[in-house]
Amino acid sequence: MEVGFLGLGIMGNAMATNLLRHGYRVTVWNRTLAKCQELVTLGATVGETPAAVVAKCRYTIAMLSDPAAALSVVFDKDGVLEQIGSGKGYIDMSTVDAATSFKISEAVKQKGGAFVEAPVSGSKKPAEDGQLVILAAGDKTLYDDMVPAFDVLGKKSFFLGEIGNGAKMKLVVNMIMGSMMNSLSEGLSLADKSGLSPQTLLDVLDLGAIANPMFKLKGPAMLQGSYNPAFPLKHQQKDMRLALALGDENAVSMPVSAAANEAFKKARSLGLGDLDFSAVYEVVKGAGGSGQA
Amino acid sequence: MEVGFLGLGIMGNAMATNLLRHGYRVTVWNRTLAKCQELVTLGATVGETPAAVVAKCRYTIAMLSDPAAALSVVFDKDGVLEQIGSGKGYIDMSTVDAATSFKISEAVKQKGGAFVEAPVSGSKKPAEDGQLVILAAGDKTLYDDMVPAFDVLGKKSFFLGEIGNGAKMKLVVNMIMGSMMNSLSEGLSLADKSGLSPQTLLDVLDLGAIANPMFKLKGPAMLQGSYNPAFPLKHQQKDMRLALALGDENAVSMPVSAAANEAFKKARSLGLGDLDFSAVYEVVKGAGGSGQA
Amino acid sequence: MEVGFLGLGIMGNAMATNLLRHGYRVTVWNRTLAKCQELVTLGATVGETPAAVVAKCRYTIAMLSDPAAALSVVFDKDGVLEQIGSGKGYIDMSTVDAATSFKISEAVKQKGGAFVEAPVSGSKKPAEDGQLVILAAGDKTLYDDMVPAFDVLGKKSFFLGEIGNGAKMKLVVNMIMGSMMNSLSEGLSLADKSGLSPQTLLDVLDLGAIANPMFKLKGPAMLQGSYNPAFPLKHQQKDMRLALALGDENAVSMPVSAAANEAFKKARSLGLGDLDFSAVYEVVKGAGGSGQA
Amino acid sequence: MEVGFLGLGIMGNAMATNLLRHGYRVTVWNRTLAKCQELVTLGATVGETPAAVVAKCRYTIAMLSDPAAALSVVFDKDGVLEQIGSGKGYIDMSTVDAATSFKISEAVKQKGGAFVEAPVSGSKKPAEDGQLVILAAGDKTLYDDMVPAFDVLGKKSFFLGEIGNGAKMKLVVNMIMGSMMNSLSEGLSLADKSGLSPQTLLDVLDLGAIANPMFKLKGPAMLQGSYNPAFPLKHQQKDMRLALALGDENAVSMPVSAAANEAFKKARSLGLGDLDFSAVYEVVKGAGGSGQA
């Protein structure tokens, strides 16, 4: 099977590599073409422009850094739109907002092409290991065609229906994650102030029914006050805001998430927005004892 | 090693059986003595009264149904206090409040005995499999003596310091669990009202960083509206109330747990107190759409 | 002093009447010109179009029903823009969003005119009695010129600085009002469920430090379940959402308002959005006792 | 009419003075008898002990500083209990918890006497002006007998039913007050961070439907960071905790009050417990901008 691949950042590079290793013929393009060399040694062909890649390949996957890049690759000169058309499919796996995704979808469909949005859950390591979780939506026929490739890239793909549902699903998951991070922070603070060891609490949690990889990974770092940003707090808070707005549209009352969102806002107001989202722990614990917050 | 064992309910029976299977000589007592027969066939000896068991054994473990039973076995006629004394240890593994634990501890120490409280996390199956988590506190020397037995009964034991800390640790864990259950309920409701499949949300969650046994176990049942009480909602709410009270004592502000507590109260007010604590989902989702709450 | 007056709805009619009674020469315009007759009998002159009014008067006040009407009167054919210019002032007292106000402000200023937004707090009765509260912003010189007229129309006017601040001030006031309505609802429910008379609570409140006209007006109606919409709940919830969004922009954490907002959302989800905002009481009390919510 | 009066602190002195001025014959007692002299010059008689006062008077009113004093005057040697009996009434107007009130009530009734609890709302100035609000409960016949005296002492008295209801009513009122103080604090912070003048917000509030004496009195002081304790924050938080506990007993979910309570706890954790309860404003505003909280 032949696929095009646009965008060879950390994620895209790992993903295209996996496709090559599983026997796919891959035509790659990257804004900085030099980045293509590594993949050429693995057997990839280079396309000069996004349009050239789409012209050559029936299916083209994109993995770009942000909505601006995702739009540019489609709408700019020599972009995807110039060659997309009937019988061709475009699959954008970048993480973008629903509005960006709609815009690309409409443009591709107007040209007669098929479109799937397929944001992923997971970062560098899962991308390298082919262990991403793929949240796809849009053209079901194109999705079905892509399942073998998705099976190479991820451990599981979901087809979620209409365009925008991929982004929504990520918001819901991140909202739950944000509330859980607050719950953990409150528990660690309560333990600490009540004469229990927060580290022991982590150990107990890890043996029970609510043990989860996030508590295991973030908990010890939080106790050391180490908030190296895997997922910046300001982005977590933005996702909670958007999830609450989605709830507002649909009249869903979510008091626990709303309380968690206010704690993240407090953290932002304290200048913690660029730290990891687990830094909300500073807001919860900081108020006690030392007279600082 | 020889140990006494008081209380052969579902938990106690499984625990005493494990001790026998690992070569311990066990002298058992139960209020209804007939229940001892099964263990006698496995090699246990029967004591006529708690006092008789303590007289015979250096270490006596108790696993009773509630605080009233825990107090009765110690303070009533023919109770533990009549024979406890210097050189003897009493280990109460029942789930009781801190006040009950303090009362027993003081009485045992006044007689010259050593005392450890050791409530467990885990129910029937982990008890049978020797996979309990043991939250011990009190006399450190006695705890150290008991570690080999705890290793038979559980996958892990913790020594948490002074009497009362076992109960406190359970409260903190249950508080986090209660907030997480609300987070899940809000996420499932948001998914449902936003055109996403709640079942797919569960599938996505189970593949990611916040995957945990509770979501996996309770989630599908919640979607079916099945709330068979493994842990009744009214008990969950009581634990959240007590955890928040512990926070109040120590000036720990916990807005997310407080919001979750109010949702559990709402559930109680709707008559859901005797269902499983996951029935808080009914409060969250119920308000939308159907005109019911 | 001569002023133009655009819009003779319930509010505008009362306001223009007051100006006439205090000796102002007033040129009025209304989309349905017949509505001008009553004011003509009081001494008003009629302008054929908004442009004609502005051509004749140095200062023109508008009081229109919604943002669409406010924009139409300015930008449509024969609108304000055709005659506004250097030396003339336009004062829009309609309740519109900040974006609408900015748009009008920019257009008027580009023509060389001066602009003030001046939304009011208060409805029919205060308008008739000249007891409005006027929240003005924009051109300070024009505001100063208008103070005598504002003194006729209202009991107090405030100059709040830049365009948009009038709308913001209303959001902040309404946010506090929404939280207070929830506080009252919770107090009435607690009284009722605790064996106290909610009516007596209202009586006690009315004699103390937190006595306020809203509790006095709405409280008795709430106890009767009467929610005739003076201010619809869905508009109150919209204002809370916008106030929280304003807080989000400025990193202000507001957990009490957030909790109140979720209660209003719950009310919307129960189909109470078109009732008065005091119907949030149904959400608070409904969950208890009757088995309904 | 003749009444006894026990306790001549700031409140009691003002109240006994009012009774004398309205023609009551009053027999007073105070732990430090010297304090009685001022009232003797106004016509009061002195009783040597609480028992002596009760022996002489059909009705005896008490206004003591705290629960310990209220209990001591009744149960100690030469206390109320020694002379109370059939045909005599005892009215305790001190602010005490429900348990203290029950204890006194039971003891007085067992002796054949009648008892009314009658805590008041209002402090020194209203006491001097006879403008207290009286929250009475207990023996209805005794209450009816006391109405003329209550009319002298207060602007209004309420009969609330069974013993304990006076304390409960105060909790409900204080809970609403605490939520309102948080609402005001959030509004002032939002105004400040959004480019509006907090002082202007206070002015606007004071002209509208939610104007109330507390906002008017506390608002300006809050803007100056002046928190002279009229009602200490730690007591406000205690009352919110007790009100929420009352809600818990009766399954009343109160998410707004719960959020407010957590903010007061945060204030306590920052060492603000001894300041006025309006110091919760520091928690709300503190987190923004300055890097402090």
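First chain written, first letter: the chains are A, B, C and D, and each begins at residue 1.
Just so it is clear, contacts are C-beta pairs under 8 Å (C-beta built on N, C-alpha and C of every residue); 3 or more make two chains touch, one makes a residue touch a chain.
Keep in mind that this is a model prediction, so the values were computed, not measured.
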Chain hops separating subunit D from subunit B, counting only touching neighbours: 1
Proportion of interface numbers common to subunit A and subunit B (over half same, under half different): same
Of all other chains, the one whose Cα centre sits farthest from subunit C: B
Euclidean distance of C-alpha centroids - subunit A vs subunit D, Å: 56
Separation of mean Cα positions, subunit D and subunit C [Å, integer]: 38
Sequence positions of subunit B contacting 2 or more other chains: 247, 251-255, 258-259, 262-263, 266, 269, 287-288
Partner subunit D, residues of subunit B touching it in the complex: 241, 245, 247-248, 251-255, 258-259, 261-263, 265-266, 268-269
Residue ranges of subunit B in contact with subunit A within the complex: 121, 133, 135, 155-156, 158, 160-162, 165, 168-169, 172-173, 175-177, 179-180, 182-184, 186-187, 189-191, 193-197, 200-201, 203-205, 207-214, 217, 243, 246-247, 249-260, 262-263, 284, 287-288
